[in-house]
Amino acid sequence: MNTSDVIVIGAGAIGSATAYYLARRGLKVTVLEKDGCVGVGGSSRNGGGVRQSGRHPAELPLAMYGVKHMWPNLSEELGVDVEYYQKGNLRLGKTEAHMGILRGLTESCVAGGLDMRLIDFKEAKEICPYLSEEIVGAGWCPTDGHANPMLVTLAYYRAARQNGVRYVSGAEVTELRKVRGRVSEVVTANGDVYSAGRVAVTAGYDSRKILSSVGLDVPMSPLLMECIVTEEAPHMFWQMLGTAMADFYGHQSKHGSFVFGGTHGYEAYAAYDGGARGASVAVPSTCRAIIGYFPVLRTLKVVRSWAGWLDECVDHIPVMDNPEETPGLTVGCGFSGHGFGISPVVGTLLADLVVGDAPLLDVSKFKYDRFKAKI
Amino acid sequence: MTRYDVIVVGAGPAGLSAAAEAAAAGARVAVFDENAKPGGQLFKQIHKFFGAKEHKAKIRGVNIGAELLAEAEGLGVTVFLNAPVMGLYKDREVLVRHADAVRRYKGDAVVVATGASENMLTFPGWTLPGVTGAGAAQTMMNINRVKPGHRVLMLGSGNVGLVVGFQLLQAGCELAAVVDAAPRVGGYGVHAAKLARTGVPFYLSHTVVRAEGTDRVTGVVVGQVDDTWNVIPGTEKRFDVDTICIAVGLSSSTQLLKMAGCALRDDGAGWLPVCADDGETSMARVYAAGDVSGIEEASSAMIEGRIAGAAAVRKLGFVTEEALAVRMAELESALESLRGGMFAPGRRGKIPDKTDEGLPISASLLSRGYLDDAEVDQYPGVKKTAGIRPVIECTQNIPCNPCRDACPKGCIKVEGGIVSLPVYDEKAGCAGCGLCVAACSGQSIFLVDDDTGGGAAEVTIPYEFLPLPGEGERGVALSRSGAALCPAEVVGVKQSPAYDKTALVTFRVPQEFAMKARFWRKEAVV
Amino acid sequence: MRLTNHPILGEAEARREVTFTFDGRAMTGFEGEPVAAALKAAGVVVHRYTKKNRSPRGVFCAIGRCTDCVMTVNGRPNVRTCVTPLEDGMAVATQYGAGEEAK
Amino acid sequence: MSVDRTRDFGGYVPAADDELVICRCEEVTKGEIRRAVRDGMFNVHEVRRFLRCGMGLCQGQTCARLVRAVVARELGVPPSALAEATGRAPARPTEMYVFANEEGLA
C-alpha cells in the first residue's frame, strides 16, 4: 500500500501545490509531512506578498507568469477564497540613498519587462494616504499583490486531497534510497518504507538533511523571520508594502488585521532547534520600523507574533531541478523567503519536472549543479 | 536588561508564595502581575478557606492575599503591578509592559504562576450580554462592588459555582437555581448545603437549553438530560433571570509556557505543562506553580509556589541540598494532606459510596444539595446530649480541621488526618461559645439546645448576610432544603472579632424542629 | 447595582466620582474603577455589536482575557473595558464591528 | 506518530447546533469547524488557520478548549488526544507604540 507514482516530501505550499498539479495529471501521489500538522513551516509563516517587484531576474518570469495566469483564478480553481488582492506594491524610501536603492531595483525589474516605476511622495500618498511625511518617494508596481499564506497552503492541501492525494503527517523522512540507481524509496523515522517511481523533495531547509542521504547538498542556511499581526481595523488600504531598507513589509488582510514582517538584524544567528521561537527584540523593532513609515498605525494593538524558518540559498534563488546524478529525484528547495508568491508556478514547474515534461518556463537558472567555487 | 535571581510571573497565591520562599533564602526576586492589585484571585475569595492552620484555614482568601503580600514585601521582594508579561523568551527572558513602555528582564530562574481562566459552555444565546463566567460575577461584586445582576442562574455545581452562588446571595442577588448536567453536586456538600437551606433549588442532570433575550438575557430555559447528555423533550423549565453564570471548571493559563517552548501534555486533566515534582518544566529553571500546572485550590497553589521557590533557590545555590530536603519534606506533607479526601485531585471526580469511616455518603446531599433529616444522626459530629451542643453536619471527607482548633474545651476531634470527619466528644462538654460555628469554613456547624423550656429549642446558625436580624425579630425557620418549617423568633445575635464577620444568630423554635431548622428568614411565608 | 454595604467586605470606601460619556450621554462613575464596572452600575450591558452577526456583547470574563467587553474609548476601538480604569472625561462608545462608525 | 489522512467521513449530516458560535471573537460556528475537519483539517492548528477561530482579539483564550472539543468529536477521538494551539507573544493585545518604546534603549 506504500507504493505510488510520486512521493512528495513536505506538505508546505510548494509541496502541496506540486502534489495537486501532479494529481490533476492523473498521478497517484503520496505526500509525507514531518510535522503532525500540514503547512506548518514557512508556508504559513510569511508576509503573504505576491510580488514581482524586487525579484531576482531569474525568478521574475515565474512571478510575472503567476500573477498573470495563476493567482487571479486560484481561489476559483481551489474552491477556497485565498484572499488574493492585486492592488500594487509600494516600496518606500525616506532618503536619497533609499531612492538610489529603489532606482536600481526598478531598473532591474523594468529590464525584465515588469511594469514598475519610481514615484514621488505626492503620488505615493495618493495611492496610500497614510504615509509618513518623512517619505520621499517609492517604487511602485501596480500589478503586485498579496494573499493569505495559510489559506493558500491549506487550499492546495484540501484540493490535493480531493484529487486523491494521500497525505501522511507525522512522517519524518530520514532517508532516500536508490534502487538500481534510481531514487525510489523513502524511509521514515518510524521505519516505514514508501516507494514510488519518482520522489520530489520540497521540505524547506529540512531538504538539506534529506538530500544528504543520497549525497546531494544545496548550500543553504536556516533563517528565522518574524512577523506580527495586529487587531483587526476597518479597512485602510490594500497595497503590499515594503521599504528600500527592508525594515518591514506587510499588508492589511481581508480580515482587517495587519500582517507585518520585520528584521532586527540577528535573525541569521537564531538556533535551528526544531522550534520556531521569536526573539524578544523582534516585536519592538518591527513596531518601530512600521511607526516610522505609518505613524497612524501606532495605536494599533499587536495581538500575535510568530517566527518561521526560511531556507536561504547562497545565491538567494531556489533549486528546481532533476539532478543528473540522482535519477528519479526532483528537488525544489532554497526558496530563500520568496517562495510563497511563486508557489502556484513552482508547483506547476516541479510537476513538469517530475513527469519529465518540458517545463512551462525556463528553469535552467535553478539547476542543482550551479554552485561553483568563487575562484 | 535587568537581571534577577528569580522572576515570578503572577502575584497570586502561588506566585507570592514562591517569591516569599525564594526571598527568604536570600534571592533577589521580582514579581510581575498584570493587575492593579496583587493577590490574583484571592481578593475575590471572601469566604473562609479549608485546610489546616498551615494552609491558612478559616482565614478568608482576601485576608490571605494581604498576608502573603506583606510577607513577600517584608522579605524584600519587588512586586511590579500593572505589569503584564508579554512573552517568555530564550534564556528565561521576559518582556514586560510598564505603562507606555516595555522592558526586558532575565531571571536565573523563572516561576510561571499565571493561574487559570474559566472554561465555558456553549448553548444558544451564550454570547448574549448577561451570560458571564462565575468568576466574572465574583470580580464584579467582590472587587468592583457592583451587583452582577438581580436574578441569577448558576450553571455548574462545583466549588466555584457553589461558592460564587453563595457570594451572589451575600451581594443581595437572587439565585434562581443551581444547574449541573452531572447527576451529582460536583463541589463540597457543605457548600451546597449553605445554598440549599436558603431555598436555592438544585437541578442536577439538567443543562441550559437556551438563553432568551435579544440584547441581553431576559430568561433561561433548562431541561433534564439523558445518559447521552441530550435534553429530554418535555422537561424544559423556564426561569426569569437577567444573568447566567457559567462555572464549569477552569483551564490553566499556559500561554507563556507554550510560547517559551515548554513541553505540554494532556492526560485527561487538561493541556498542562510537563513538570517534575518540584514544578520544573521541560525547560531548565523554568517552573510552573499553582493552577497553571494543574487546577486545584488556592491552598495547594500556595504550597506549590513555595515548593517551586525552594527548588529554584537550591538550583541557584542559596540553600544546601540538606536544607532543601528538610523544607521539601514539610511542604510535601502539607500538600499531601490537602490532596486527601473524597474530592482529591487524584480521584478525578469519582465519589465513593462510603466515607473513610465506613459511613454512607449522603445521596440526598449529592443529588439535592442537602442532607435528609433522617440521615443526620449517623455522623460522628452529631450526638444527642442534653443542653447546648454543637451539631456538626460535616459528612464528607474533605481536608479541613479548624473546628478542632476552635473549641477551647477540646470537644471536637479530627483525628487520623485532616480529611477525617469531625467527632463531637460529648464528655468534654460544650460551653456554647460558638467559636466552632464561626470557624467552620463550610458553615456546617450549628449549636442546638433541644430544651430551653416551654417546649422550645434554640438553634444557632452562622449568618453572613445583611441586614442582620435583631433580637426579638420574628421570622420563619427554614429546613435544610430551604422549606419554611415554623415561625421562629431571634433570641440572640452575636458578633465578635474572633468570628471574623460570621455572625451567630440564635432563634427559638418548637422542640420538634431543633434538628430540622437550619436557617432563618425574616419574611413570613405566604 | 452598587454594593454600598456588604456582610464581609463592609462599607464601600469613599471614591472620587468622575464624569464620563457613554454614546454621548453623561454618566458618573468612580475614578479608577474598570470602565465596565461603571457601565454596569449605570445599567449598561451592551458594549458592542459584532462584525459578522451584529450580535450584542457585554462583560464575559471581567479579567481582561476574553476581550468580549471591548468598546471604543476616547476614539480607539478594541479597548478592554473590564481592565481599563475610568478617567474623568472619558468618552466611551458602543463599538460596531472592528470599530467602524455606527450604522 | 504518523497519521494517514486518507479518510472517508461519509456525507455531512447537519446538526441542530451547527449555527452555534464557538469562537466568540471571530464568530466561527460549530458547523464551519465540523466542515473544516471533513475538508482535511485534522487538528486545531489547521482548523484555526483555515477558519481563524482562536485568531481574534483574545487569541483563543476563550475558545481553545471548545474548538478542540468540536474537532475531537468530529474525528471521533477524545479531546486529550489533540494538542491545543500554541501560545504567541504578546500575551495581551498591546499597542505598537508601547512595544516601540523600549525602556533602556539608547
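Details
To keep things simple, chains are lettered A, B, C and D as they appear, and every chain counts its residues starting from 1.
As a working rule, a residue touches a chain if its C-beta (ideal position, glycine included) is under 8 Å from a C-beta of that chain, and two chains touch if they have at least 3 such contacts.
Please read all numbers here as calculations on a predicted model, not as lab measurements.
Put simply, the chain closest to the centre of the protein, by Cα centroids, is D.
Interface comparison, B-D versus C-D: the higher number of contacting C-beta pairs is recorded for B-D.
Each chain gets one centre point, the mean of its Cα atoms, and the points for chain B and chain D are 31 Å apart. One simple way to say how far apart two chains are is to compare their mean CA positions; for chain C and chain D this gives 28 Å.
Remark: chain A and chain D have CA centroids separated by 24 Å (rounded to whole angstrom). Averaged C-alpha coordinates give centres for chain A and chain C that are 44 Å from one another.
Annotation for chain D: residues 21, 24, 56-57, 61-62, 83, 88-90, 92-94, 97, 99, 102 touch two or more other chains.
Chain contacts: chain A has residues 231-232, 278, 283-284, 299, 301 touching two or more partner chains.
Shared contact sites, meaning residues of chain B that touch two or more other chains, fall at 34, 86-87, 89, 95, 102, 104, 117, 127, 253, 259. A complete topology is adopted by the chain contact network, contact being made between every pair of chains.
The residues of chain D lying in touch with chain C in their complex are 21, 24-25, 27, 56-58, 61-62, 92-93.
Within the complex formed with chain D, the chain C residues making contact are 50-53, 55, 57, 60-61, 64-68, 70, 78, 80. Interface residues of chain A, counted against chain D in their complex, comprise 36-40, 44, 150-151, 153-154, 157-158, 161, 166-171, 188, 190, 192, 229-232, 255, 278, 283-284, 287-288, 290-291, 297-306. Those residues of chain B that touch chain C in the complex are listed here as 34-36, 46, 60, 62, 117-118, 127-133, 135-137, 139-142, 144-148, 170-172, 214-216, 253, 464-466, 501.
Residues of chain B touching chain A in their complex: 86-87, 89-90, 93, 95, 102, 104, 259-261.
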